[in-house]
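Look at the two complexes coming up: subunit A is in both, with subunit B in one and subunit C in the other.
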Partner chain A sequence: MLAEIGYLALALSFAASLYAIVASVWGERTHHEDWVNSGRNAAMLTFALLTLAIGALWVALITEQYQLSYVWSVSDPQTPLFYRVTALWGAQRGSLLFWCWLMSGFAFGATLLNWRSDRRLMPYAVAYMMAVLAFFVGITLFIENPFARWWIDPASGQELQSVFAPAGALAPNPTRLAQTAQGLNPLLRHFGMIIHPPMLYLGFVGFVVPFAFAMSALASGDLTTNWIKATRRWALVAWLFLSLGLILGGRWAYDVLGWGGYWGWDPVENAAFLPWLVGTAFIHSVMIQEKRGMLKVWNMALVILTFSAVIFGTFATRSGVIQSVHSFARSSIGLPMLLFWAGMTGVSVWLLVWRWQRGELRDEHAFVSIFSRESLFVLNNVVFLALTAVIFWGSFGAPILSELVFNTSITLGVDYFMQVTVPLFALMYLLMGVAPLSAWSATSLVRLGGALLVPLGLTLVTVLLIALTSPFDAGAMLAYGLVFLAGYVALYETLRGAYARVRGRGEAWHVAIARLFGRNQRRYGGYMVHLGITVIGIGVIGSTAFQYETRRTLDIGETQAITADYSLRFDGFQRGLSADGRVVNVASLTVLRNDGQVAQIQPRIDEYPTMPMTIAGAHSTLEKDFYVLLTGYDEAQGYGVFKIYINPLVNLVWWGGLVLILGTLLAVYPKEIVPQDLRERSYRQQVAIDSKGRKPAGASA
Partner chain B sequence: MRRASLWLVLGLLLCGASVVGAQSTAPTITLDDVHRVAERLYCPVCENIPLDDCGTATCMQWKGEIELLLREGKSDDEIVDLFVAQYGEHVVGIPHNPTLRALSFVPPLLLVLGLIGLGVLMFLRFGRGAPAASATAASTQDEADAFRARLEQDLG
Partner chain C sequence: MAEMTWEKPLASTAAKPKASALKLERLKFLIGGALLLGAVVYLVLSGTMTGARFFITVDDLVNNPAYVGQTVRITGVVLGDSIAYDARTGELQFTIAHLPNTDGDLGMALHLAAKDPNATRLNIYMADETMPDLLQHEAQAILTGALGEDGVFYANELLLKCPSRFQEMQPSDLAEAGA
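So, the complex of A and B:
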């Protein structure tokens, strides 16, 4: 029954999304208000229908309906309830349905919240959002259906997968199905996996809203900043989720993948990073259009590129075009996705070029000074795009081209990415430090230099202190300098604003800061995000440039010096069977610092029937992580083999992520600029004006 | 005779010492030495996983091979070259073959240069072609106030 309900809801949502496209476009083109409203209602209905479909699958997972082949492939009777819930996104079919549901949720929210304020853009925006949704629901329905069930053909004894029973087929024995169920991929049995994929998916699908509004602006001819104003918060929300997804993904890798790091430059990690980079360029660039009416073509190109990167990232993850630890889900959806990606990008670029050639995207102002904020923002965009280009090339371009042209497979690893990205990241931090101090329109070098004086002085003092207190590394010191400069500028600008209030209005410091943030959430939220990126940068430099790594074999009871101040004692080893069927091998170790005991840690190897998992034991402080992996053991001989990492400042990566999130939330937090009653009056008047050129409601459809 | 005997004993002692010395300089290979080489190689089975972090049987065997080669006195570079010659370019993070190396680095460099050119072009083009800039830009708050006032006026 659950399969029928889910399938029907999925099929209806596909039909509703197609109907929404036709009704919206037709209504807009023929000025039929009823058709437009009908398209909107159909678009909103898709969310309800997909909620029903996803609900059916969740119930099937929780109630152990193993006849559904998806449930059978991602759970078994030993799977705890917690992982049954997260198994929804544990493999291709479920995660595609989940993706569709999230996208329909965004479309629902954007339609509901923007309908009145952005009435002119809405019909085409709905059509675009539904076109993307229809594609994803379509491939879920026709290629990767999560409601397919196991059947047995009595004649041949063959097992078949189909939603509905093939002629004469019988349902398999439920007990047998439960006994053979595969269970969840061990890599996904981690707390981080509850949040990481949904956050990443939310980030990915969230960019459909700015993309749809931009395309609507191109299609409708409303090429003012309306589409940017309508979608600024949506873009920031998508960016926030994408950032969260990347940070949580890094944390999951650090905890579960067992290699002592959080970013391996894996192609699928990179595929998620690409939309973040282009999206960041877009978020900065739209400010120039809002403030100065410039870069209209550029912003359109960036939003197209961002969404294109989202679809490409999805294609790369799910098609298996590049193999990696993430490509858990390979199927026949590769070609349709590639065609959709090419088609969507092609149509969008064609629309943009068409409007551009008609001269409708002309800028309102010119660049005056190379040191003006808009010029530096353009340079910032160039850096983000350059990062996108080199990462894309290393992850996909070069390996694919090498295979096609030279018939040789190559791997571009960490060495490549460190060589090509580090100079660009350095430039990014430099611009983060300089651009906020430059003024819009005209800025002289002298003025900019004067504004930089205090943050630069603080930076030099800080770097000098670091150089005196830690091992000297010229590259790392330069990197610290650039990162600290960006942070000090953000802090200095905030404190300068607060000081002006303290001095001018006699406010207390905390009141001044709170009111400053309240008055211009976007600017100070942005500074907070910069501060978060600075803290992340400090963590990345510390944990990369000063990481210490060693391998040791220890007998039980033996203590070995690891560094001048750290020692490690191997206390014992235990082996047991856990409730979910895995064999757990745990080593007990004592971490000593200057001969004093500081922590007891338990690295372990979990043996699942399909694969082993190496889970680290770590003594974690803000200063550093003492991170140990158990890589081998011999119970009979009484020794264990360990990989030991000392990761300085690694926790700043997570704390910086938190600051970044808080800053984005501050920038996104809704603030009423035009009161509700005024907006209502505006909407009524707009509808009245629009209806002059439209057929009255109820005249058709 | 006594003097000759002393020289003989000294000579034997030196020989013995040299043998002990030779034995003590025979390479002692630690796990860290193996790791130093293994982190420069990639798993041949699981793509994009560094050899050092991979637990497959093949990778374990390769690490054993690295240890043997280190014992034989091969340098890190020689071992990496041997693996590339034997298993192909995909076992290293940057190809050794000059053509493939160029394929890896030249296009991104050109892309970056192209983007910089695009930035310069934008500055020059929009600096010349567009109308002159106003001296100051309105703040967000001013813009909002102006919008609100205009809306009030329009709505009567």
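So, the complex of A and C:
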């Protein structure tokens, strides 16, 4: 029954999304208000239908309906309830449905919240959002259906997969199904992996909203900044989720993949990073259009590129074409997805070129100074796009091109990425330090230098202190300098603003800071995000340049010095069977610092029926992680072998992520919500104006 | 809702710059842009030269002496019985078999390659390695390293995909126990 309900809801949502496209475009082009409204309603209905579909799959997972082949492949009777719930996105088919549901949720939210304020943009925006949704629902429905069930053909004894029973087929024995069920991939049984995919998906689908509104602006001819104002928060929310998804993915790799690192320049990681880079360029450059009426074509191009990167990232992860630990199994959705990507990008670029050629996207100002804020913002954009290009080239461009030209695949290793991206990231941090101090339109070099004096002085002192207290590494010191400069500028600008209030209005410091943030959330939220990126940068430099690793064999009871101040004692070893059927091998260790006990850690190896999982034990402080993997043991002889990593400052990567989240939330938080009656009055006025040029509702019947 | 601004006070927007000054600024932008582009192209080219690895099969590697000593990336299927790991030293040794290029069912290709007695085999040696969780029979291994004169491939990077990720799993024996 659940399969039928889910399938029907999915099929209806596909039909509703197609109808919404037709009704919205037809209604808008022929000025039929009722068609436009009908399109909107259909678009909103998709969310309800997909909620029903996803609810059916969730219920099937929780109530162990193993006849559904998806449930059978991602859970088994030993799977705890929590992992049953998260198994929804544990494999391709369920996660595609989950993606569709999130996409329809975003479309629902954007339609609901923006319908009245952005009435002119809405019909085409709805059509674009529904086109994307229809595609994803389509591939879920026709290619990767999560509601397919197992059937047995009694004649041949073959197992068949189909939503509805093929002629003469019988349902398999439920007990046998439960016995053979696969269970969730052990790699996915981790906190980071539970939250990482939804965050990444939210980031990906979130960027569809600004894209849809931008394309609607091109299609409808409303080429003012309305589309930017309507989607500023949507873009920031998407960016926030994407950032969170990337950070949590790093955390998962750090905890689960057991190589002491969090970013491996893997093609699929990079594919998720590309939309983040272009999206970051986009959320910076739209400010120039809002403020100065410049970069209109550029912003459109960026939003198209962001969307393209999102679909490409999805393709890279889901087609199985790319060799990676992160990708799904090979799937036949690759080609349709590539065609969809090419089609959507092609139509969007054509729309942009068409408006551009008609001269409707002319900038209102020209660049007058190379050190003006707008110039530095453009430079920031160029750096982000350069990063995008070099990472794309390293992950996909070089392998694909060499295959086409030389008939041999050439891949680029981690050393390529370290060599090429580090200078660009350095430039990014430099711009983060300089750009906030420049003024719009024109800034003299002298003035900019003067503003930089204090943060630069603080940076030099900090770097000197680091150089005196840690092993000297010229590259790392330069990197620290650039990263700290960006952070100090953000702090200095914030404190300077607060100081002006303290002096000018006699406010207490905490009041001044609170009011400063309240009055200009976007600016100070932005500074806080910069601060978060600074903290992440400090963590990345520390854990990359100063990582220490060693392998040690310890007898039970033995203590060994690991570094000058740290030593490790092997206390014992336990082996046991857990409730969910895995064999757990746990080593108990004591971490000592200057002979004083600082922590007890338990690295372990969990043996699942399909594979073992090495789980690190770590003593985490803000200063460093003492990260230990159990790599071998001999109970009879009483020794264990451990791989030990000391990762300085690695926790700043996660803490910086938290600062980044708070900063983005501050920038996004609605400060003044227009009262309901005022919004309705303005809506009625708008409808009255619009209806002069339109046929009244119902006239089309 | 009120839109907040991200701004510094507008400086001298009222005074329109002269055309000649604009031209000069445009020239500065062009030169700056060209320099930046040049720098990025240089970075990519030099990075590509140092980071490039041929991605080849076991047959390609073994049959072409030019590859001996050269850092390459290879792919093959892991033979489970050959895996030997010394946890004390971190020495990991195993054998892979040639895996033909396939666009079809990779799970099946891995299975057939592992079973084929005539497939070219290659011994792998890795020093100071943590035993990878996914290293098992019929896993696809992607290795970076160089072939030594002794015919052993000395790898320093190993990426694995276990066969279950490729195969559409079937509930076996359902028919006999079927309803």
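In this text, the second predicted complex is superposed on the first by the 684 of 701 C-alpha atoms of A that agree within 3 Å, B and C clash if a C-alpha of one lies under 4 Å from a C-alpha of the other, contacts with A are read in each partner's own complex, and residues count from 1 in each chain.
We take it that a contact is a pair of C-beta atoms (placed from the backbone, for glycine too) under 8 Å apart; a residue touches a chain by one contact, two chains touch by 3 or more.
Given the structure is predicted, the values throughout are model-derived calculations rather than measurements.
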Query: In the superposed model on subunit A, is it clash or fit for subunit B and subunit C?
result: clash
- prompt: Between subunit B (first) and subunit C (second), which, if any, makes contact with A:267: first, second, both or neither?
  reply: first
- prompt: Regarding the shared-chain residue A:171, is it in contact with subunit B (first), subunit C (second), both, or neither?
  reply: second
Query: Just subunit B (first), just subunit C (second), both, or neither: which does A:298 touch?
result: first
Touched partner set for A:499, first subunit B, second subunit C, both or neither: neither
- prompt: Regarding the shared-chain residue A:191, is it in contact with subunit B (first), subunit C (second), both, or neither?
  reply: neither
- prompt: Residues of subunit A touched: more by subunit B or subunit C?
  reply: C
- request: Tell me which partner A:356 touches in the superposition: subunit B (first), subunit C (second), both or neither.
  value: neither
Message: One more residue to check, A:614. First (subunit B), second (subunit C), both or neither?
response: both
- request: Name the contact category of A:551: first (subunit B only), second (subunit C only), both, or neither.
  value: both
Field: Touched partner set for A:412, first subunit B, second subunit C, both or neither
entry: both
Set of subunit A residues, in rising order, touched by both subunit B and subunit C: 258-259, 290-291, 323-325, 365-368, 370, 375, 379, 382, 386, 389-390, 393-394, 398, 408-416, 419-420, 424, 440-442, 519-520, 522-523, 551, 553, 612, 614, 631, 641, 673-674
Parts of subunit A lying in touch with subunit C, wherever the complex brings them together: 72-73, 150, 152, 154, 157-159, 170-173, 175-177, 180-182, 185, 187, 229, 232, 258-259, 287, 290-291, 320, 323-325, 328-330, 365-370, 373, 375, 379, 382, 386, 389-390, 393-394, 398-399, 408-417, 419-420, 423-424, 438-443, 519-523, 526, 551, 553, 610-614, 629, 631-633, 641, 643, 670-674
- line: Per the touch rule above, subunit C residues touching subunit A in the complex are 1-13, 17, 21-22, 25-26, 28-29, 32-33, 36, 39-40, 43-44, 46-48, 50-56, 73, 75, 85-90, 105-106, 128, 130-131, 133-134, 136, 142, 144, 157, 159-162, 164-179
Task: Over in the complex, which subunit A residues touch subunit B? Could you list them?
output: 257-259, 264, 266-267, 290-292, 294-295, 298, 322-325, 362-368, 370, 375, 378-379, 381-382, 385-386, 389-390, 393-394, 397-398, 401-402, 406, 408-416, 419-420, 424, 440-442, 519-520, 522-523, 549-553, 612, 614, 631, 641, 673-674, 678, 681-682, 685
Residue numbers on subunit B that touch subunit A, as the complex places them: 30-32, 34-35, 42, 46-50, 52-53, 55, 88-95, 97, 99-100, 103-105, 107-108, 111-112, 115-116, 118-119, 122-123, 126-138, 140-141, 143-144, 147-148, 151-152, 154-155
